[in-house]
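These are the structures in question, set out in turn.
Two complexes come next, and they have one chain in common, chain A, joined by chain B in the first and chain C in the second.
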Partner chain A sequence: MMLLIAKRLLIACSTIIAVIILSGLLIHVVPGDPVTAMMAQSVTATPEAMADMRSRLGLDLPVWRQVMLYLWHVLQGDLGTTIRGNEPVSRLLLQRLPNTFALAVAGLATALTIGIPLGFLAAINRGRIADTAVMIIAVLGVSIPAFWLGLVMIQVFSLKLGWLPVAGSGWRNIVLPALTLGLTYCALVARMTRSALVEVLAEDYIRTARARGLREHQVLLVHALRPALISLVTVIGLVFAYLLGGQVIIENVFSWNGIGRLAVQAMLERDYPMIQGFIVLFATSVVVVSMLIDILYTLLDPRMRQR
Partner chain B sequence: MTVPAQTTIGPRPPRRRLPLSVVLGLALAAIIILAALFSAYLAPFDPTRMAVGPRLAAPSAKYPFGTDEFGRDLFSRVLIGGRLSLGIGVSAVAFGLVIGGLAGLMAAFSGRAVEAVMLRLIDILYSFPDTLIALALVAFLGPGIENATLAIAISLVPFYARLTYGLAAAERAKPYIEAARLAGIGTNRLVRVHVMPNIGQSLIVMGTLGFSSAILSAAGLSFLGLGVQPPSPEWGAILASGRNYITKAPWILIFPGAAICLTVLSFNLIGDSLRDFVDPRRKGLR
Partner chain C sequence: MTQFHISKHVRSLLAAAAIATGMALSPAVAADLTVARSVDADSLDAQKASTTQSLQITNLIFDTLLTMDKDGSVHPGLASAWSMSDDGKSYAFTIRDGVTCHDGSTFDAAAAKASLDRALDPATLNPNLSAWGPITGSSVDGKVLKVTLSEPYGPFASFLTSIQAAFLCPSSFATKEFKPVGTGPFKFVSWTRNDSIELAANPDYKNVNPLIENPGKPHLDKLTFKVIPEAVARMAALRSGEADLVEPSLEEATDLKSDSKFKVYAAEFSGQQMLAAFTWKIKPLDNPEIRKAIGMAMNRDAYANIAFEGLVNVANCPVAPNLFATDESLCAGWGVSYDPEAAKAIMEKAGYTADKPLKIKLSVHKLPGWDQMHQIMQQDLAAIHVEAEIETREVAAFFDHMKGENERTDGLPVVWTMGMSGVDPDYLTFLWKRPGFVNMGINAQLDGMLDEQRKLSGDARATKIHDIEKYLMENAYAVPLLSPGWGWLMASGANVEGFKMGFMVSLLFNDVTVTR
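Coming up: the complex of A and B.
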């Protein structure tokens, strides 16, 4: 048990280090000279300024030393400074973190609240109309781009009906982006719930429970749903990662002042330290969440606990 | 008339008919692909020429999808945009499938150490959403249609690598592989002649799923201004440039969006249903 957790922790740490190294190397993906690319839009691109930038980014060092240096700084919490404004990347990211976190949680909660009942409904009506209907909703859900759904929501709920504000960061403003994310990712949740429950319903202990004469709702809610939800816990990490990815675009649609908006701004301005910082932060949160979920799973599942 | 001999006792296995959703998906995909292929002939106007009509004109017989903020014909733009989107999708999937497939085969057939390291790497990359990998790469490669295609292709590599590995590893355990090995066939030839034909069909089916996610990524990147650049009429780019006019001219929102949805939907319908045919693990779940 403890061994399992220790192993998981080790994997998570090595993954994070690998991601930091990869992100440090990304600047060498830039075709041609990164400094020229960065300063292309700047008026102060004198040769001196460019040489200065090069040494500031450590680009005059050999590649392996650059990467080691980047890793060393990141591990100390220093993600460098932005090209525009010369502000510490970590501070800018941390400022926006609460907003992004709030939207992610709201979006995930919405996706689960819609998705789990839908998946449940589909599984207990397998092969019938309700199942087909849910699966149609699910395939539609994964086919509609989140950013387009967001634009449609703005058009309908903000501009036509005037119920909710178009953009900004307050509790009334979180409704539309959270709903957009929730509707987009509930399809994934519904699908996973359905297949988890279908698998559980085929187990022997379900037949036993029915044979013991338990009521159908007892069988479903007590014996079937619980193990299905536990196995669902493992995939929530995946849903969360995808939701965070989708959120990068959604924050831009709704002008939500989060990390995604900051990152895309940096991408358009070619502010490489900022983009690298974003990648490191994003990857770390995905890795940490998936690790926590794995550990949670071992704690929840009695079959795993005995190991 | 002779009655076909029944070789097995008991009820005949049900005939494998294509599900309705696949038929629907195929029909939709066929229309979209044809429209994209012949877009140059079908488009009534030059998609980038301004003021072929009044600004923000509502859909009419002359401009079936209306016009945009520059008086460009939206119908022509969506049609030509289809050619761009499908082109990006096809190239990205082809590249991703080849690289990912090779990586997956390598992981499955190169001994334990290589297998462990590659699987770990593939798993790490797979845990990140593909759109985000594409976004990060494009941020460094720079915007533009070629870079976006390359970034999307690379973002699909982990998906295909994992898939190929799974299929190849299942194949690896089968007796015929052992027989072939005993017959003295080398790994290269074994993979090419014996494994590939057996998993190729499944890979092509899975290709359709990667295709829809490639189209979504391309639209997302272009919408953010990091993919296809205006005035090129990629669907995401049309939405981005027209988004300030959607109240006055909702057709700018509706038609390119519907084009994305229908394209992605058609390939998801095909891929999803066929996945059950090719993926043995999923059969019991239906």
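Coming up: the complex of A and C.
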């Protein structure tokens, strides 16, 4: 077990370093730089003054040197300061992390609460009307843009009924974005639950369980659903890691102060340290979560330990 | 259980008293106001901030040395009086008595000098550094701040009224971490990035800005700026009462205008000007006749009325209306006017027909209203045998791209659009003096004229600015389109009184009252 964790950690660290180098190179490929972006609304600098600003920001260095310098700072635990506001990147990210984390957990919990029973219902009624109905809901869930769904929610729950606020990042504000996120992802969860359960229901041990005279609900809930849910862990874990990177559309619609909006704003401003900081955080969360999934998998499924 | 019985007599007396004092009948005047905008400030350090959204906030916290009236005339600000030497190379500003910073310290000439020094220090990374002009030094003499320049700088006084020229109290930058401490009508309270900014009224404020009526403390006690990126959500916030004043989308502003429950505000003195320009080094756009034909095809009335829902005006000069020396009627005579038939004839004479059109790129960046304008423009150009392919980029990428395009001398010609804002026509220098912003510079003749206007003042400067505008327009290097063009609209409920928008879309809250 310790060897597995050590191996995983090594892979995780090298993945993050590779992401930093690659993303560092890529953000410089995108046209426009922080100084040009500053002049977007009012040009009040001569080309010489703009060149001087670039050199003071270290933007005149070769790209490879800029990337290596950044990597060196990250390895020392320093994510740098933003170009626009001159604020520590780590502080800005940490300020938003609780909001992003809360929305990811709430959204995922909603998706699971709706998705797993729906998938279960579809699997045990395979080929019948209930199955088709659930799958139609799943297709709708995937197809309805979160943007539109969010605005409809605001119109209904905030404007017409006046139950919830339109914008902000307080506890009452999380209900609508979590519901929107949940409805979008419940379709995926329902489909995954259904297919995993259908697969498990065809296994020999289910037939054996039934042959031993176990009650149907015991067969379904204890012997079938548990192993089916194990295979869901991977998907849920990856969705969760993805959600930790921020939900730009949902955050925009509900004015939720998460990491996604911070990243998009930084990209528009070409605030390289901020963009890089976001990428480091996002890469780290994906790597850490997938590492945890691997470990969790081994704990949940005894068969994995023997391999 | 104790019961209180109020006699009929007493009840009538109480009712009469309530009516007499107006207590129960008149609506309450609220002490706070919430504004919802689409994006947050990028910095509250007025000497680092570059976006309008940032400067709108810093302009409430900090004051300027001078102020500007509706007609473009310059008035006192933090400086109660100022003078310029005969050679135009030194200025003396007498700092007003009794100005206190939000932290209680006195704002005097020494504080003004400290703020000026920081604004001019290249290490500050002030995006507006060049606009301060050729300042060589400053000194303090009692109440007077003296500023010396290497050469006369005509736009200096105008620039000192601009929201880009805020004066900070030295305690703002005394420590490594910047603290927004100013002398303005509102004090900084808190800022949660991408979420909200809270300001509180400065009880000691004494106003001298001619655009504001209230001479003292703002009527509001608290001012909150929320970020609501989505336009539909901002409108929902306005309708639900979560926000009192919002940035509406173009479509919503049109709807709200006809609704008596709401008010729509359009900035009159935005200083914003939209224009079309050409990669004139590439054939056939090197020919002014072709450039003129393209300008003549542009139906600017349609852009204003259809793309911008009638919420902007056609503007004839390369500089925004209401700025120093801007004369819309003079410019109208120099520029091209809409005449698609004549434009088509010019193009046909040059050998372009429906079968063999001139192929160009229409290079643009994304903004509300602009997208629709470019689509109409594309049709306008098609009508004179110009086949334009629209290329839309995000703003930073767009300007980076145009830097390369403006240097090219061959390949596909490009017509492009941009916007510019400021409080003085001197922005022409930043755009058109070689190499110019994104290599827009033209030639030595124009460079000379741009340099000269900077050294002049008064009528002589106005005449020189007219010469520059005439040159740009008669040679069709620029086709003025509309004014304003971005972020110039606000909407509130009918219960908000006294809200105004100043120069460069500054937001003025000193006169605002809200009834609930």
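The definition used in the following text is that the second predicted complex is superposed on the first by the 262 of 307 C-alpha atoms of A that agree within 3 Å, B and C clash if a C-alpha of one lies under 4 Å from a C-alpha of the other, contacts with A are read in each partner's own complex, and residues count from 1 in each chain.
Note that in this section a residue touches a chain if its C-beta (ideal position, glycine included) is under 8 Å from a C-beta of that chain, and two chains touch if they have at least 3 such contacts.
Note that this is a predicted model, so its numbers are computed, not measured.
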item: Touched partner set for A:155, first chain B, second chain C, both or neither; value: both
item: Which superposed partner A:299 touches (first chain B, second chain C, both, neither); value: neither
item: Partner chain(s) touched by A:175 [first = chain B, second = chain C, both, neither]; value: neither
item: Partner chain(s) touched by A:268 [first = chain B, second = chain C, both, neither]; value: both
item: Which superposed partner A:36 touches (first chain B, second chain C, both, neither); value: second
item: Partner chain in contact with A:245 - chain B first, chain C second, else both or neither; value: first
item: Chain B versus chain C as contact partner of A:214, first or second or both or neither; value: neither
item: Which of chain B and chain C A:53 touches, first, second, both or neither; value: second
item: Touched partner set for A:257, first chain B, second chain C, both or neither; value: second
item: Overlapping contact positions on chain A, where the chain C interface meets the chain B interface; value: 30-31, 37, 151, 155, 159, 252, 268, 270
item: Chain A-touching residues of chain B, taken from the complex the two chains share; value: 21, 121, 124, 127-129, 131-132, 135-142, 212, 216, 219-220, 223-226, 236, 239, 243, 246-247, 250, 253, 257, 260-261, 264-265, 268-269, 272, 284-285
item: In the complex, chain A residues that touch chain B; value: 15, 18-19, 26-27, 29-31, 37, 139-140, 142-145, 147-148, 151-152, 155, 159, 195, 198-199, 202, 238, 241-242, 244-246, 248-249, 252, 264, 266-268, 270, 272, 275, 279, 282-283, 286-287, 290
item: Residue ranges of chain C touching chain A (in the complex, touch as defined); value: 36, 39-40, 42-43, 45, 48, 50-52, 122-123, 125, 127-131, 164, 178, 192-195, 226-230, 232-234, 236-237, 239-240, 242, 393-401, 403, 419-422, 427, 430-431, 433, 435-437, 486, 504
item: Footprint of chain C on chain A - complex, ascending; value: 30-33, 35-47, 49, 52-53, 56-57, 84-87, 92, 95-96, 151, 154-155, 158-159, 162, 165-169, 252-255, 257, 261-262, 265, 268-270
